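To keep things clear, I will list the structure first and then write my remarks on it.
Per-chain residue numbering starts at 1, and chain names A, B, C and D are given in the order in which the chains are listed.
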Amino acid sequence: MDLALLKVMVEQQIPFNRFLGLELTHAEPGRVRLELPFRDDFLGDWARAALHGGVISMVADVAGGVAVWSTLESPSLRVSTIDLRVDYLRPGKTERLIAEAAIVRVGGRIGVSDVRLFHPGAEDHLIATGKGVYAIKALKHPPAAPPA
Amino acid sequence: MDLALLKVMVEQQIPFNRFLGLELTHAEPGRVRLELPFRDDFLGDWARAALHGGVISMVADVAGGVAVWSTLESPSLRVSTIDLRVDYLRPGKTERLIAEAAIVRVGGRIGVSDVRLFHPGAEDHLIATGKGVYAIKALKHPPAAPPA
Amino acid sequence: MDLALLKVMVEQQIPFNRFLGLELTHAEPGRVRLELPFRDDFLGDWARAALHGGVISMVADVAGGVAVWSTLESPSLRVSTIDLRVDYLRPGKTERLIAEAAIVRVGGRIGVSDVRLFHPGAEDHLIATGKGVYAIKALKHPPAAPPA
Amino acid sequence: MDLALLKVMVEQQIPFNRFLGLELTHAEPGRVRLELPFRDDFLGDWARAALHGGVISMVADVAGGVAVWSTLESPSLRVSTIDLRVDYLRPGKTERLIAEAAIVRVGGRIGVSDVRLFHPGAEDHLIATGKGVYAIKALKHPPAAPPA
């Protein structure tokens, strides 16, 4: 898959990604990095400044899926989540959130990814880890032209 | 816990909930219903109109946590997610998303909830199920007055 | 699938099931019950008499898979676990362990099951719950005759 | 925790571990290796020689728990599984199964471990991965003398 195309798809073509401001900052086949700049809207705790768990699980889900997607040859294949598990290890801070995802296994029909979430410069202090299982399917109605 | 207070906390005091427009529409101790009115921003697929998986996992996480929270006596106890698993069963449509959560077990330190997600009038066509494990902790600095 | 054949397969043809003494005591398409008679070998705690978590997860895995299997038309289809999650809710006692599994969704390639584990007469005191995702595959070398 | 004592506990004091023949072959605080010699009883598939998923999940559960246990100071603390997830990546062969577990986080009440399962000399061909969350509790009736 063309990684420049992947960036457009991830950032521009998926409405909820664009709504939150998710960025694809690195991609090679099977390994991607996404980043989410902090906004006050992403807080989850009224008593202290901590990222909402839903923000973290959302970024984990996307990162794992994009890692699988980055390995596919054909743009008419689509990836959808079968299941996702997120383990929350420490509170997320009011900083940019980084997710690095790597495929564990990709077959013809199913891909599995590991995701690590952390803040800039603190890769050893994981905020959360994720594991997702994704179905790989042919699009029924592939776009006549690639989305742009 | 005062369920009217719970509604204010869930809808108003948690920034990401308010940002997305999450509503607490039913609450009794150990059993809650949350609803998320649809917005185009919540789509996840450029090729067809389907809810983003991150929207679904976010609502599952909150619903499970609120179900645990609804059983607590003291407002100075807080609930945080230890881990969350979401199974995606069918694509979510461009409709209001409903999550019903019920506690499976609540002890002094840990609560476990089951969550079912579906659209209005289609409770038998689950979009996803969630299972969350939550830590119950005393707030270090409980608010001097309850948030209002 | 012939449910009498299913019973032979589950109890006799799968070595680890037979080794532990697992019984299929009820099966209808999409809903099964398995039971494991207690043995001292199944204990997991030296300080108190509690079932080993590995016994519980093993029974959960099999029950979920058999529930998917029970829906298949062709004996040349096989079910293998993609992922399994088990939530442990209370210690298992020195009694027969019962697992009831029901399919949540079965498609052409993937099945998902819910499993509830409890002791006889104590269905409301769940020991654990399980959720498994299973791949449905054609056997490369289906047995010339059904196993008997 | 005394790692020689840990080995006795894991191999001798836990009946189901002893029943299957589980060996603790390496332990340092927060990182352990367990091995299970192959037996025909561990097969899970009548049509081909593959390890039963329940054998794999059992070893994952124990390895993750022992990794948490290996970090504890006091022998009167006990570890019990809150939840376990296993992702099955390829069929297990008729060989010795190795599980390496490392803690992701250990607090006063909860520990989280990652587990990787593979065959000897094939660490890059993972059979499965596991993730477990464990509760750390004081024994109500700690043994008068350490078990021996």
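Please note the rule applied: a residue touches a chain if its C-beta (ideal position, glycine included) is under 8 Å from a C-beta of that chain, and two chains touch if they have at least 3 such contacts.
To keep track of the chains, here are their UniProt names: A, B, C, D = Medium/long-chain acyl-CoA thioesterase YigI.
Model, not experiment: these values are computed from the prediction.
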Q.
So using the touch definition from the top, which pair is joined by more C-beta contacts, A-D or C-D?
A. C-D
Q.
Please tell me the distance, in whole Å, between the geometric centres of subunit A and subunit D computed from their C-alpha atoms.
A. 30
Q. When the centre of a chain is set as the mean of its C-alpha atoms, what distance in Å lies between subunit C and subunit D?
A. 21
Q) What are the residues of subunit A that contact at least two other chains? A) 82-83, 85, 87, 133
Q: Name the shape of the chain contact graph, picking from line, ring, star, complete and other.
A: complete
Q.
List the residues on subunit D that touch subunit B in their complex, please.
A. 82-83, 85, 109-110, 133, 135
Q: Show which residues of subunit D lie in contact with subunit C when the two form their complex.
A: 9, 13-17, 19, 40-48, 52-55, 57-59, 61-62, 65, 78, 80-88, 91, 139, 141-143, 147
Q: Name, in rising order, each residue of subunit C that touches subunit B in their complex.
A: 85, 87, 89-90, 104-105, 112, 114, 126, 129, 131, 133
